[in-house]
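Both complexes below contain subunit A, partnered by subunit B and then by subunit C.
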Partner chain A sequence: MSKNFTALGSIVVFTVFLFPGGPAQAQAQCKLGVPSIKVGVQGVASGPLADYGRQIEMGATLATEEINAAGGVLGCRVEMRFMDDENRAATGVKNTRLLVTDWGANFTVGTDSSGVAMALGPVLAELKRIQFFTHAATQRLTEELVAAKGIKEIVRVSAPIYQDAIVAALLFKDRKDIKRWATIGADYEYGYVAWNLFKETLRKYRPDVEFVGEAWAPFLTLDFSPHIAAVMAQKPDAIFATPWGGEAVQLLRQALIQGVFDNVQVWWQAMGGSVDVLEGIAAEVAKDRFKGKLWATARYIHNWPDTPENKAFVERFRKRWARFPNYSAETTYSAFFIMKAAVEKAQSLDTVRVLGALKGMQIRNPAGVRVFRSEDQQFIYNVPAGRPVIDPKYPIPVLGDLKVFEAKDYYRNPPFTPVAITK
Partner chain B sequence: MTGRLSPRFTTPLLALLVLGLFLLPWIAGRYPVYLAMQILILAVFSLGFNLLFGYTGLLSFGQAGFFAVGAYGSAKILLAVPNLILGIAGGVAAAGVAAFLLGILSVRHTRIYFSMLTLAFGMMIYSLAWKWRDFTGGDDGLVGVPRAPIDIPGLLSISVAAQDRYYYVVLVLSLLAIAAMYRLVRSPLGLTLQAIRDSEIRTEFAGVPVRKYRLVAFTIAGVYAGLAGALLAPLENTVTPPIAHWTMSAEPVLATLIGGIHTFGGPIVGAFLFFVIKDIIVRYTEYWLIWFGVIVVALVMGFPSGIMSIFAQRPK
Partner chain C sequence: MTETIAFQGLIGLSLAMYLWLISAGLTIIFGVLRILNFAHGSLFMVGAYLAYTFYGQMGLPFGVAILLSLLGTGLLGFVMERGFLSRIYKVDEAYQLLLTFGFILILDDAVKIIWGGVFKIPPIPAFLEGAWPMFGKSFPVYNVFVIAVGLAVAVVLWAVFEKTWWGRIVRATASDREMANAIGVNVPRVFSGVFVLGAMLAALGGAIGIPVRVVAPGIGTAMIIQAFIITVIGGLGNLKGAFLSSLIVGVLSAYGTLFFPVFELFFIFAIMAVVLLVRPQGLFAR
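Up next, the complex of A and B:
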């Protein structure tokens, strides 16, 4: 028995010493009277989408370091803690409760998954803490939970699903050679809503267009060949594709193998402008295997806008992490500076006062000028669409031949009408 | 209780523990209370699982399916009728019916064949949760599940919307479930299940309808999983498909192995350790899976019969 206790004791001691912790150093000159401003951050950091969470963490870390190096927020040091939400709503909720009620987070930032984001909404209202969402794209987060249900603790910094769907409709509405569209869609709400919004918008401009095929790929699909074959059997002129991350890379490679780019005029890969996708298809882009027919966008692309702020941000990010910033990195980085500006204006960490300070905010971020819209607490900004191309200035492909649309032309506006969220 | 510690020691210790649990909202912050609810829910889930595994000798990889049926059942009712009693009872009943129906097919086999069948049925429920969007909300799940009042029309209506109040619902129901299971495993039914585990052929020759007993154990395990799920839905305000995934089925397996399959309290202690170890690690690294794995391996190798083997011997 004593041997067993010794073994148990060893494990406990091992755990405690392995993960030591200590109180944060107080900052004497903090005008808010707190030892530090605590910001809890979470994203997917395990599993096949882990790079998105990693990019969130990199953006948050860089922002924290830069803010602290410049004297903090009203003299208060910013303290950041990142947690893996495992792409599971239950874990995201548990993390938020830990970060707010145990660690004492003043704000939370991040969240990749729409499902996790929707689960967090009621919890944020209960805890009375603001979360700046930096990736989750479902329109329901802002249209339903904020505008309709009044959960004011939700603020979204990243572009929602309008970017994926409505931009595509505006981009291709004048292509008279494209009359037959088909989708290879993500088999969950994101895929359905993107396709429905795209169809709804394009029909307004092009009543002659037909939507001839749909194939839905569940999360973590590895073999897209049956989906590709199913839609190609309908002889579409163009494909609207919404699988993202590593799935998008796999889908595009299999489409090349099946000769899709010999038979369609356009392939729209909604979030294909993400750094991980561009890295994944670098060899194919270099050989021009997509024949200029592949188009994509993202919630931020590192080669646009062509401003000193953006260039400097990308340079600092590359120096710090030896990677290009993905959109979830930029949106998270910017969320910290939005939080900083709001706290400085409110002169307080109080949720209601900080929300008040966000009203009317226009802020220049690496992605350009973001404007806060009070009705749904969505920050509005432009992101262009383009074709993946090789640019000698960059070691990975970038989106080129950029088409810029004004955000006011492609963001849905309040009062919101419901969007079909089924196939 | 058969063990090395005498009841003179364990009874006051358990009384103190229960008292501590009742006083927890006064002596601890909001997060420990939330964590305690999660531990209690996993303890109930694991106890049901161990009735199958430790007491009947059937390793199920599909218990998350019944956990999800309980959670979705409870959520659907609570979203339609804001009455906590109806919600939890409905979730438990739905899980019990699902377990009974799938149990009829599953208990026809044992060993790896039983495990694979339960894995397949569990993943079928997962697919239903994912695909039956009109009913389950698909990947976004059911959002805004209320912590509805305990309502008996004309008699009483108690609000449990606040987390501390809901804690007592979880605590009382969990303690009742634990007490019921304690009685069950010492009843003739429990002893018969252990006899089936030890020698199926000998028990059958004694005239025991083995398959029927296994079905009873399977259904009870499903009811416990359903209760755990039904308690989770109002706690989290949300139910999403991953709770039906096989990785969720692994949680009671791990908790039971850590705590010990051959002691009644093993799954409860395992649930506590499972959450506490993970909770400590995730505070310090996002690579928590590696460290969690290392510690679980160390625990399983250091205590092959579970942590509770320190205190108790295998029940006769």
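Up next, the complex of A and C:
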């Protein structure tokens, strides 16, 4: 015992003094026999949505630093490389091939766009590499590519479109004063599916509700005035809006100056709980310009759950980046720890063995407990909906008046029935 | 229903004015310099960012911020024209496209380095808050302001080109640069002046919208496609054509959103396709 101890001690002294913090230290101890575990990360890092990719990169960097500082994964150092997918499927595919084939990534993580994610699916199957998806929300990624087509290399850590659409239906089903709904939708698959899922769910509870208007705004819309005027002409009681990021902020501001909040009871801004949106509408929230009628959710909000894990994560993230973590930061950060837990259980980097290790996984993350569902390889967790409010504890608005629904009540369950992906 | 149609038309008019401001500069530059400036949208973006810095960050009055933004973007335009474009007037047009495309990439990355990747949106100036009752609905004062600026620019440009000495020289240079040169017009100086004017118009289009439209990397790309479509419909280099086709596109797309929401995206391209088939020189070309 003592002999071993001395030997171990001398190894530690040797490595610490001769290779302080260097890769050789990890290499010497790595139980997987690799120089490092390579994780390729992708997101949108250019154009108007660049901050979502930046948040992915920040989450990935923080996780990598923390894992390595705590001794790596089975003693192996984690190496991270971030690439910009430019919100284009072709770039995403090219990056994945480069990351896996040339750079030697053992896993990939990230992807903001559903279009990019759908293009990556078959490539991951061909390359036999697992990607942990941390933002792309289309249900088809898990329902169609995993559950129906059996592409097991797709694992989703972030909440899918059920969050954007079904939560809204559950939240407003008991509002008898709202009978007429209209949408100002993102003019691509995400917007169509969110609206279709919302209608389908709400109809089950409220056959009396009418869906009276729709206006669709393509990606990079700068002026929503015609869309707002067009749906308001139908005199809706409530608006279901899916543009996100900066587009959500200008949509809300343009709606305010057209007096929309004097004329509707509720405005659902699906991903309005995103940090960038909350920052963008801070002045209006402070002046109560939305009159308590604006509701939103996100794929994670930094002020929930009220757990020591979450608080500590937010604190470390703010210390490292001087920003609040957006959802794509938390989901990416957590994806790294899910990968770590799975590799440690599998004692291997082999795709099949790591997938086996994910079975039945329940893991505590900043967002709360995530539970792995094998049929569609989707991690299931709750995110509440709420109203943007000013909370003196935070320098920017947060979602308050939180309504928590059990994830099992709003995640669709296998076997999946297809949702229309058209307007 | 009549009220809804009239209101949507007004909304379309304000949409048209943004389109007019950006396509005016594009078409003037093409008309005189014969350069299709792909980076025109980037000048729009730079104008928006500069106005954001002066108004949103430094707290200057909105009008002053817009003026400073025009000056700053005009200066950038001057550097682009004198330092780069002027060197390739004589070579094949493909090089102009490559050079101006290069500027898109450079300026997109530059704004990301300077202002970061997160979009910016400053508060609405107090005098532009609120709405006027029109056709039984609330028409935002902000949209009234945009319409007023757009119309004022149209009048000023008309006066400059039709009524001033400089305008006549520019028109002479546009119709025959060699002849203009022969009678003693300083053509390079005219080119610089026109390019700077075009850059300032783009900047104005970007700057006036910042409190209601976000400022973000990539907004230039969003605008340049629409601006191209408008200049093609109106006739490349034709200022009056750009104004009229901005009105057509702005108002029709607003009505498209109202009556045919499912096909809205397709409208503007359909108009362009029809114009190209029927009158490839543009609707208003002489």
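Note that the second predicted complex is superposed on the first by the 397 of 423 C-alpha atoms of A that agree within 3 Å, B and C clash if a C-alpha of one lies under 4 Å from a C-alpha of the other, contacts with A are read in each partner's own complex, and residues count from 1 in each chain.
Here is the rule we use: contacts are C-beta pairs under 8 Å (C-beta built on N, C-alpha and C of every residue); 3 or more make two chains touch, one makes a residue touch a chain.
Just so it is clear, the structure is predicted and the values come from calculations on it, not from any experiment.
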> For A:Arg412, is the partner it touches subunit B (first), subunit C (second), both, or none of the two (neither)?
Replying inline: neither
> Is A:Phe82 in contact with subunit B, with subunit C, with both, or with neither (first, second, both, neither)?
Replying inline: first
>> I'd like to know which partner A:Leu98 touches here: subunit B for first, subunit C for second, both or neither.
In response: first
>> Under the stated touch criterion, which partner chain does A:Pro218 make contact with: subunit B (first), subunit C (second), both, or neither?
In response: both
>> Is A:Gly121 touching anything from subunit B or subunit C once the two structures are fitted on A? First, second, both or neither.
In response: first
>> Which partner chains sit in contact with A:Ser46 here, subunit B, subunit C, both or neither? Use first/second/both/neither.
In response: both
>> If we overlay the two complexes on their shared chain A, which of subunit B and subunit C does A:Arg387 touch? Say first, second, both or neither.
In response: neither
>> For A:His227, using the defined touch cut-off, is the partner it touches subunit B, subunit C, both, or neither? Pick first, second, both or neither.
In response: second
> Taking the two structures together, which residues of subunit A meet both subunit B and subunit C?
Replying inline: 45-46, 53, 218
> Touching subunit A in the complex: which residues of subunit C?
Replying inline: 4, 7-8, 11-12, 14-15, 18, 108-109, 112, 117-119, 121, 123-124, 129-131, 137-143, 209, 211-214, 216-219, 221-223, 253-254, 257-258, 261-262, 264-265
>> Can you tell me which positions in subunit A touch subunit C when the two form their complex?
In response: 45-48, 50-51, 53-54, 187, 213-216, 218, 220-223, 225-227, 229-230, 232-233, 245-247, 249-250, 253-254, 257-259, 262, 276, 279-280, 283, 423
> In the complex of these two chains, what residues of subunit B are touching subunit A?
Replying inline: 4, 29-32, 34, 38, 130, 133-134, 138-141, 143-144, 163, 232, 236-238, 240, 242-243, 277, 279-286, 288-289, 291, 295, 298-299, 302-303, 307, 309-310
> What residues of subunit A sit close enough to touch subunit B in their complex?
Replying inline: 1, 4-5, 7-8, 11, 14-15, 18-19, 21, 45-46, 53, 57, 81-84, 87-90, 93-95, 97-98, 101-103, 114-115, 118-119, 121-123, 126, 138, 140, 149, 188-190, 218-219, 421-422
